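Chain nomenclature is as follows: A, B, C, D and E, assigned in order of appearance, with residue numbering initiated at 1 for each chain independently.
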Amino acid sequence: MHLLEGEGVSIHFGGLAAVSDVSFYIDQGEVLGLIGPNGAGKTTLFNLISSCYVPRPGILKFKGKNITGMSPYKICRLGIARTFQTVKIFANMPVIDNVRIGSLFGNTRSPASAEANQQSIELLEFVGLSRVMNTPARDLTLANQKRLEVARALATKPELLMLDELMAGLNPTEVAQAMDLVRQIRDKGITIIMIEHVMKAIMSVCGRIIVLHHGQKIAEGTPQEIANSKTVIEVYLGE
Amino acid sequence: MLEVSNISTFYGQIQVLWDICFKISDGEILALIGANGAGKTTLLNTISGVLRPNSGTITFLGQRIDGLAPHAIVELGISHIPEGRKLFSDMSVQENLEMGAYIDRAWKHRRETLEKVFEFFPRLKERAGQLARTLSGGEQQMLAMGRGLMSRPKLCIIDEPSNGLAPKLVQEVFQIIKSLREQGITILLIEQNVRQTLEVADRACVLENGRMALEGCCEDLLKSDHVRKAYLGL
Amino acid sequence: MEDLMVIINLLALVYLGWFVDWTLKQNKSKIWLFSGLALIMLAILSTLPNYGPTYSYIMMSGILMYLILTVSWTLFSGPTGYISLAPAAFFGVGIYTSAILGKDFPVLVVVIFGGLLSVVLAAIVGALTLRLKGIYFIVFTFGLVLLISSVLLWYEIRFTGTRGRFITTANNDLIYYVMLGITVLMFITSYFLKRSKYGLALQSIGQNEEAAAHMGINVTAVKIAVFSISAIFMGMAGAIMAMKWIYLDPYSAFDPFRSFLPVLMAIFGGMKQFYGPVLGAVILAFLEEKLLTEFPYYYKLSFGIVLILVIIYLPDGLVGLGQKVRAWFSRGKIALT
Amino acid sequence: MERFLDVAIAGLLLGGLYALIAMGMSLQYGVARVFNIAHGEFIMLGAMTTWTLYTVFNISPLVAVVICGPLAFVLGFIIHRTMFRKLQSLSANQGVFESNSMLASFGLMFVIQNIAFLAWGPEIRTYNYLMETVSIGGALFGARRLVTLGFAIAIGVIFYIFLARTRIGKAIRAAGQDPSTAGLMGVNINWVLALCFGLGAAMAGIAGVLISMSYPDSANMGQEYLTVAIIVVVLGGLGSIPGSFIGGFLLGIIGSIVSFYEPGLNMAAYYAIFVILLLVRPRGIMGR
Amino acid sequence: MWSRIRKNVLPLCFCLLIVITILATFIGCKEEVTTTAPPVTATVTQTVAPPATTTAKPAPKDKIVVGMSRSFSGPIAIIDDSAFRPVYETWVKEVNAAGGIFVAEYGKKLPIELKTYDDKSDPATMAQLTEKLILQDKVDFLWGGGGTSFIYAQAPIANKYNYILITMEGGATTLQEMLPSLPYVFVTLPFSTWYEMPVLADMLASKGVKSAYIIYISDLHGVEYNGAAGIEFGKKGIQILGSKAVPPDIKDLSPVIKEAKASGADAFCAFAYPDQVFPAVGMSIELDYNPKVWLGGPGINFGFFHTGFGPMVEGVMGWAGWNRKSSAALNTLADKLYKDKPEDAQDWWGQAYYWAGLDMWKAAIEKAGTLDNKKVRDILATERFQTVLGETWFDKGLLNKETHAGEVGQWINGVYEVVGPFDKATAEWVYPKPAWPK
């Protein structure tokens, strides 16, 4: 049984097929890359998985259970967490509170306040933000805000983590750090789907890559296969 | 023609641009390359007056334009074709084009310019009466570019024209950009499609994290290891 | 004399508001001093009818009404940013509960009923409308007040054959005690709400609803729950205040002005701290009484001007102003050293 | 059948007035993004000024249209240039500006109302103008109401042509859809926004002039018309000017039908439509 | 450990303490309820606290302070404008010009000082301000607010504190039922069921009016007038062809006027306020609706109705109280009130009664020789006084109907004449009403 499975997932926005008939799966412990030109429907696919939108038609299954059309908060409590392409932190709250929210609400069994605090501190240490714990989140740099989003998502104790352009806008050093972070998360046993434009990152971290274009899946395979795929190069790398 | 020196821009509390300097000379295509969120669009918005730089100067044809309102900058001859097309979706194609010629200087000649633009984009002429939002993606991009030309600009700033277009259309867009230069319009271009951009442009700047990382003519950049690794995925 | 007594009691209220803020802090020093002070303040407030002239606690009841409306409004609208113009509706429901049940039930039962009926209305309204955003939500809540009052008016004329209703009166000191009780209850509720994880959730909803939903917060449930809780106090206040006003009709029971004033008072005080709305309500309600009596013809004019100036120049209210001044002073100190 | 004609025409006459009241407000919200609660006060200013002009200076209300419209325009223009522009520059984003400007316009409402109150006192003012009766297919109507309807339609049509054909009209529409891009086209956004606010105020002023011909006026009249305007604006779709035009007529006809069966439910029906519409279709009949 | 206690236990303890305090307060209240609970119906509230003003030996005084809570702003302000400034202020000015009211207790004339507050047309605010006047400002006397619902809210309060309240602008039949339990409340305006409506019904019947169509405003006033009309018209066999309630903020009256016209009723009655009566007149002119009787009110009785509609008003009827021709005293009063003033200020319904009420109040104080509300009340309730209306007295708290100078009025040749009852008429009733002039 796959961890997450999508069958013929589609959605239309006013005549425009943002995602059409995409089938995919991800197995426990995998790191799946999702690439494609801007506007290819990657983020929309994330939104479908996290139930911002309901696919029409299409079915999503998590651990064999149909999750199509469930409320976002239930999806989260089932163990699917995500970050956002444009950071959506709780800007006026202290960094620690951002993470605490994830910890307090992201699980079916809500931990005690002190326990949540402890978890949050640990997670902030994990992503390297423990020093700025009490500053308002809006004052962080973009890179740190993205880390905060990761920490917040991890606080919900996910089995599946969806990272949306984690490295966009980061400089090469930061990208390297972010890649490390992704590996560490993977080593914790959390399955990851990531959307990424930084090819280097995706090629080196992901075990498998899906390429979307105009809402359709045009290729799927190992990084090597993708790098050599003619369709992909034509569409994506612009040769 | 356009000289940007030591520009720093903030978005609220967050500094997005640090000390950006570059120049564009008459008749060239300058490409700005950088990852998402590197500050490219912010830089363009700073030039066209949507944002104000916190420090630094921008001069256009010898006149300082930093701190001017967008409409005043358009009147000086800079046309900004924004990212994501930003068409007036409830107006017809023709009306969108006319809006492009809103400034006094261009309004007088709007009929002639319109003819020219229609020559350039014959598809738009066919669709002149349709609402902009009913156009296909490629047509919308053409409309956005056509609208940008209606103000008879000296400098045209184009932000991600190939965004979300099919490969064939992307080729077409680049063809158009080339022919614009042939018409004597200077172009400042932002693209994600690094390889094609570098082929079209004369010179390019690489923006990383709000700072200017590299600058040079395109052949050199294409050969640069940094660019190859970071942007071409090689 | 009356004014002095009222001012002392208002200061006690503001202190209690500040005390709630203080108890929410992480590290507390001088706990005995501050808690002791709070108890003294509470004592001052709860014994007012014993030492103050009659009008002083009548006036206090009037001010407490605005305080309750404002603070309970802020309870929901402050963190979430949903500007609700429905307080008048919940308050009016309380008034009508009092008018209908007042004859046959003891005061406390009527008050509690008023609160409960408001909760029912708030839950229905919340479930229906909290998906509306921004201006739509504001306009809807505004329309709701008008709808209820005009339907009620029609119903009264058509079926009961009267327009207004007499309300069983209660003693002024009883009204004051109940109002104070509601206020303290509201302070305690706010304290626990802010301290609990739902306070955090509410704040996160205000800053990014979508992200909040994806962090596992049942956004709809939290919003409806807190919206309803905030309505309890408005309904209870309406039920008891009605007993002071004796005769009311739908138009004055559902006076939309009672929706606008809390918003203004909360903004004036500043919503970032708990004591901000307390301060705003206390100052403006006291000023209203003074303006109405001293400058009757210019009351609305001054009210309007204050509203405009506050929105333009004091977006964070008095609390924000205080913080700015403090920041300015401390900056000055640093510059000096 | 005759009753039906009666009700329908009465609805149209009322609807013309409603459309006129609402179009200005719609313009102010649609382009300048100010949900102008003080809209009713501009109507009141128009009406009371007309009364003064007519009774004191003996100037016909039809001439007053030409006086009150521009006066209200100037007032609205200045208010936007000062108050709302300042507010806009201080607001973090559009959403914050919308709620802040709404609250500020509340303040404005109180200020204008109070000043008018001091100037004109609380009396109810009426005057006689065009009391003739007109018969349409057996149904009787007042000439002044037809004049109001005529004006409403004329202003609606002229305004539509203005928006569709002229350069400034197009700029207004562009600014309504995307102000920052309109700025990139060379449109002086702040000026256009103030212009729209002023035009909205001018329409309110003209509506006031026409209202004063048929209804009694007082310094307190603003609020009543404000609620009607809000209902129509929501009915037509927030910010949609053609929506407000059609919505006005629709509401007028509904009101007239309800009044025919149960006048006591007249206002309740309006609010009910308003509330239900917001629940079922918040974007209104013409909104996208 | 200690920090844990500090963080969690202490706040909890504190909150418990607060809860206990509240409970204690509530329990305290409960006891009070059982001991001093006021009677639970709104009608009687006379059990509370004696008045603060009664003292055996009065301290020296140089003025009589009279407190009023009036609607200077808001929708009811119109009532104030028609009564407060023209009548009360003129009356006070006149009395003060003569030195004031002679109070034997102080052995001198004391001028009147008005202390006025604005209740912004909100009965709730009015209730609080009335208590402020009584308790904080300790005014000597209270004068009433304007508007029926204000009187309803104010009367029990004044009575509770044993302050005389002579209500002026408003009143409804239900108030009459309450009067026996409100000994301190006196009512000057005539009630619909009491006198006005029978007079009207008599008049209509005398001319053979067969049917009537009624619209009424959906508030206490409209409901009562409609109800009274139903009873009185019924007695005379006048058929009511339709009666429709209209909400105060209705915009378009054409449907009801058209229906009235279609009904073919002889008489058309609009029991509503100027806000609805004026548009109803306008709409009737517009639709060329010419019933034999067009009666509306309140509103028709105001001067600004005549200035507003001009010659159109010829034959329109409304409620009336008096007229210049009613008596010499009233002619003098009209001079005092309206001379050198625009016609707008005129009110031919209530103003003479308000004036008479104030006259009676003054006479009662002079007779009692004290400012003690109780003593003055006893005199007001029992004695007879000479006022502009002639000899007047309060009959069970109501101004006696014999004193009334008129009930029904009609605009005839630009003058608002009293036309009913016939024995008090100042001009002959024009029936049927002439068609609206073109």
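The rule is simple: contacts are C-beta pairs under 8 Å (C-beta built on N, C-alpha and C of every residue); 3 or more make two chains touch, one makes a residue touch a chain.
Fair warning: this is a prediction, and the values are worked out from it, not measured in the lab.
**Q** Give me the set of chains touching chain D intersected with the set touching chain E.
**A** Touches both chain D and chain E: C.
**Q** With centres defined as the mean of C-alpha atoms, identify the chain lying farthest from chain B.
**A** For chain B, the chain whose C-alpha mean is farthest off is E.
**Q** Taking each chain's centre as the mean of its CA atoms, how far is chain B from chain D in angstrom?
**A** 41
**Q** How many angstrom lie between the centres of chain C and chain E, each centre taken as the mean Cα position?
**A** A distance of 34 Å separates the two centres.
**Q** What is the distance in Å between the mean C-alpha positions of chain B and chain E?
**A** Roughly 74 Å separates the two chain centres.
**Q** Could you tell me which residues belong to chain B and also touch two or more other chains?
**A** 12
**Q** Give the residues of chain C touching no fewer than two other chains, as numbers and ranges.
**A** Each of 150, 153-154, 157-158, 297, 299-300 in chain C touches at least two other chains.
**Q** Would you mind listing the residues of chain A that make contact with two or more other chains?
**A** Residues of chain A never touch two or more of the other chains.
**Q** What are the touching chain pairs in this one?
**A** A-B, A-C, B-D, C-D, C-E, D-E
**Q** What residues of chain A sit close enough to touch chain B in their complex?
**A** 37-40, 138-139, 141-142, 165, 167-172, 174, 197-200, 203, 214, 227, 234-235, 237-239
**Q** For the complex, give me every residue of chain E touching chain C.
**A** Residues in contact with chain C: 6-7, 10-11, 14-15, 17-19, 21-22, 25-26, 28-30, 32-33, 36-38, 40-43, 45, 48-49, 72-73, 116-120, 122-125, 127-129, 131-132, 135-136, 149, 152-153, 156-157, 174, 218-220, 222-223, 227, 245, 247-248.
**Q** Flag every residue of chain C that touches chain E in the complex, lowest number first.
**A** Listed in rising order, the residues of chain C that touch chain E are 2, 23, 28, 31, 35, 38-39, 42, 46, 53-55, 58-59, 62, 102-103, 106-108, 150, 153-154, 157-158, 161-164, 166-174, 177-178, 180-181, 184-185, 187-188, 191-192, 241, 244-249, 251-252, 255, 257, 292-293, 296-297, 299-300.
**Q** Once bound in the complex, which stretches of chain C touch chain A?
**A** 197, 200-201, 203-204, 207-208, 210-219
**Q** Going by the contact rule set out above, which residues of chain D touch chain B in the complex?
**A** Interface residues on the chain D side: 92, 167, 170-171, 173-174, 177-178, 180-190, 288.
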